[in-house]
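Once you've had a glance at the structure underneath, I'll fire off some questions.
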Amino acid sequence: MVNGVERPLDLLNQSKGKEVMVQLKSGKEFSGTLLAFDIHINVVLDNAKEMEEGEVKKSIGLTFLRGDTIIFISPSGGK
Amino acid sequence: MVNGVERPLDLLNQSKGKEVMVQLKSGKEFSGTLLAFDIHINVVLDNAKEMEEGEVKKSIGLTFLRGDTIIFISPSGGK
Amino acid sequence: MVNGVERPLDLLNQSKGKEVMVQLKSGKEFSGTLLAFDIHINVVLDNAKEMEEGEVKKSIGLTFLRGDTIIFISPSGGK
Amino acid sequence: MVNGVERPLDLLNQSKGKEVMVQLKSGKEFSGTLLAFDIHINVVLDNAKEMEEGEVKKSIGLTFLRGDTIIFISPSGGK
Amino acid sequence: MVNGVERPLDLLNQSKGKEVMVQLKSGKEFSGTLLAFDIHINVVLDNAKEMEEGEVKKSIGLTFLRGDTIIFISPSGGK
Amino acid sequence: MVNGVERPLDLLNQSKGKEVMVQLKSGKEFSGTLLAFDIHINVVLDNAKEMEEGEVKKSIGLTFLRGDTIIFISPSGGK
Amino acid sequence: MVNGVERPLDLLNQSKGKEVMVQLKSGKEFSGTLLAFDIHINVVLDNAKEMEEGEVKKSIGLTFLRGDTIIFISPSGGK
């Protein structure tokens, strides 16, 4: 079920192309498809949406998120 | 549509010369044409405009933005 | 009882596969099974749950937590 | 018009000897002549003036500004 | 009395196995037995207790504390 | 008038032995004679005085100031 | 009087074994005898006392202070 997660970045690698939930230090949450990440945890999300209480607050579309603003990235989408 | 984004900086590279929306940690948002970026995510925007609720609040013109102040950069302009 | 903890990361290594409590700088607390960590203290938790006053507030599931958001990680689960 | 800005620091290099507007993370704004900068975005301004709502609030004169306090540097002076 | 403290980490080394008081940037204080530390000042405490006004507020047990959250570590326990 | 400032640290070098005004991120301002600095912008001031509205609030004397707390250093003393 | 301070750390070196006043980013002030320091400005104070308005608020004793929490270190003790 959670095979192959030897290092934290392995989870991000397995999550490429999948829907993820990203929570930021500012308290904001974004959902979107994880397209890319790097060792700084900079990520690119496609179809990014700012979420609030499980509802879409704003559509952002394709976006680059700077790694040092991120608290967590969850491929299970907060479920 | 989102071809060639292997690493996060690939998206910034593809966005050169295009209109982007930049959100800062301070909460401010800038739109402008992305002219240049580096690995620190320092960017140069041309015709930068500070935005508020989708309206132009202030025109800044050509500007250098320090990377560590940035939350996200979206080539889709928040749409 | 606490054998083999020569360096701080030894404790994280011994805690792999076990339930841990993670407290963040934001004040939030997460419990979950520690699957992986790296030298930046980035961690992956399985079955992560946001906790409040010892109660489950929200289930997050499998998640990547960025190391620089963490205050402490306790394998004894706050007990 | 914006020739030769391949990298963000190129804009700072082209702005040497010109009037720039510098906005700080603290919210303060300084205008002055850009004399020097380095890769940390530390800058030296001559005839620096703290600005508020487009008015000179305080004259600082020759000054060294630490790079990690800066949000943006605009050679177009906010116009 | 304070022999052998040539460098700051020497004090932490001498404090291994002893009760220490740790104050965090968040204002919280933890007491516990110092088991391990590294150059980032990440530490492992055994029998960690969150303290408030000299009283035990909460028992945490064995815990890993991230170094960048720490203000001071005192082997004299605040006495 | 401002000869020889090729790099930001050149200004600090020229200011050695002179009165400088230092503004901190905390909002505090110190005046004093600049004795030394390093690449982290750590500085030593002699006869340091905490200033408030142009008045001496407190005399600190000889002091080491950590670089990452500094916004600006002005040899013109805010005049 | 202030001989031999070529670099900022020279002042800390000259202050070893002497009483110093340390002000933290949190606003707190500690006085104590400087026993050791390193390039991160981590310091060890002996007989450390938390000070408030020139009065001893709390005795801490021997303590390790993490460098990134420090604003200034003054061997003249704020006098």
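Residue numbering begins at 1 within each chain, and the chains themselves are lettered A, B, C, D, E, F and G in the order written.
Quick note on the criterion: a residue touches a chain if its C-beta (ideal position, glycine included) is under 8 Å from a C-beta of that chain, and two chains touch if they have at least 3 such contacts.
This one's a predicted model, so the numbers in the text were calculated from it and none came from an experiment.
Looking at subunit B and subunit D, no chain is in contact with each of them.
Note: centroid distance subunit A to subunit B, computed from Cα atoms, is 19 Å. With each centre defined as the average position of its C-alpha atoms, the distance from subunit D to subunit E rounds to 43 Å.
With centres taken as mean Cα positions, subunit C sits 35 Å from subunit B. Within subunit B, residues 68 each touch two or more of the remaining chains. The ring of chains, read from subunit A with the first step to subunit B, runs A, B, D, F, G, E, C. Chain contact summary for the complex, subunit C toward subunit A: residues 24, 26, 35-38, 42-44, 46, 48, 58-66, 68-69. Across the complex, subunit C is touched by residues 2, 5-12, 21, 25, 27, 41, 67-68, 70-79 of subunit A.
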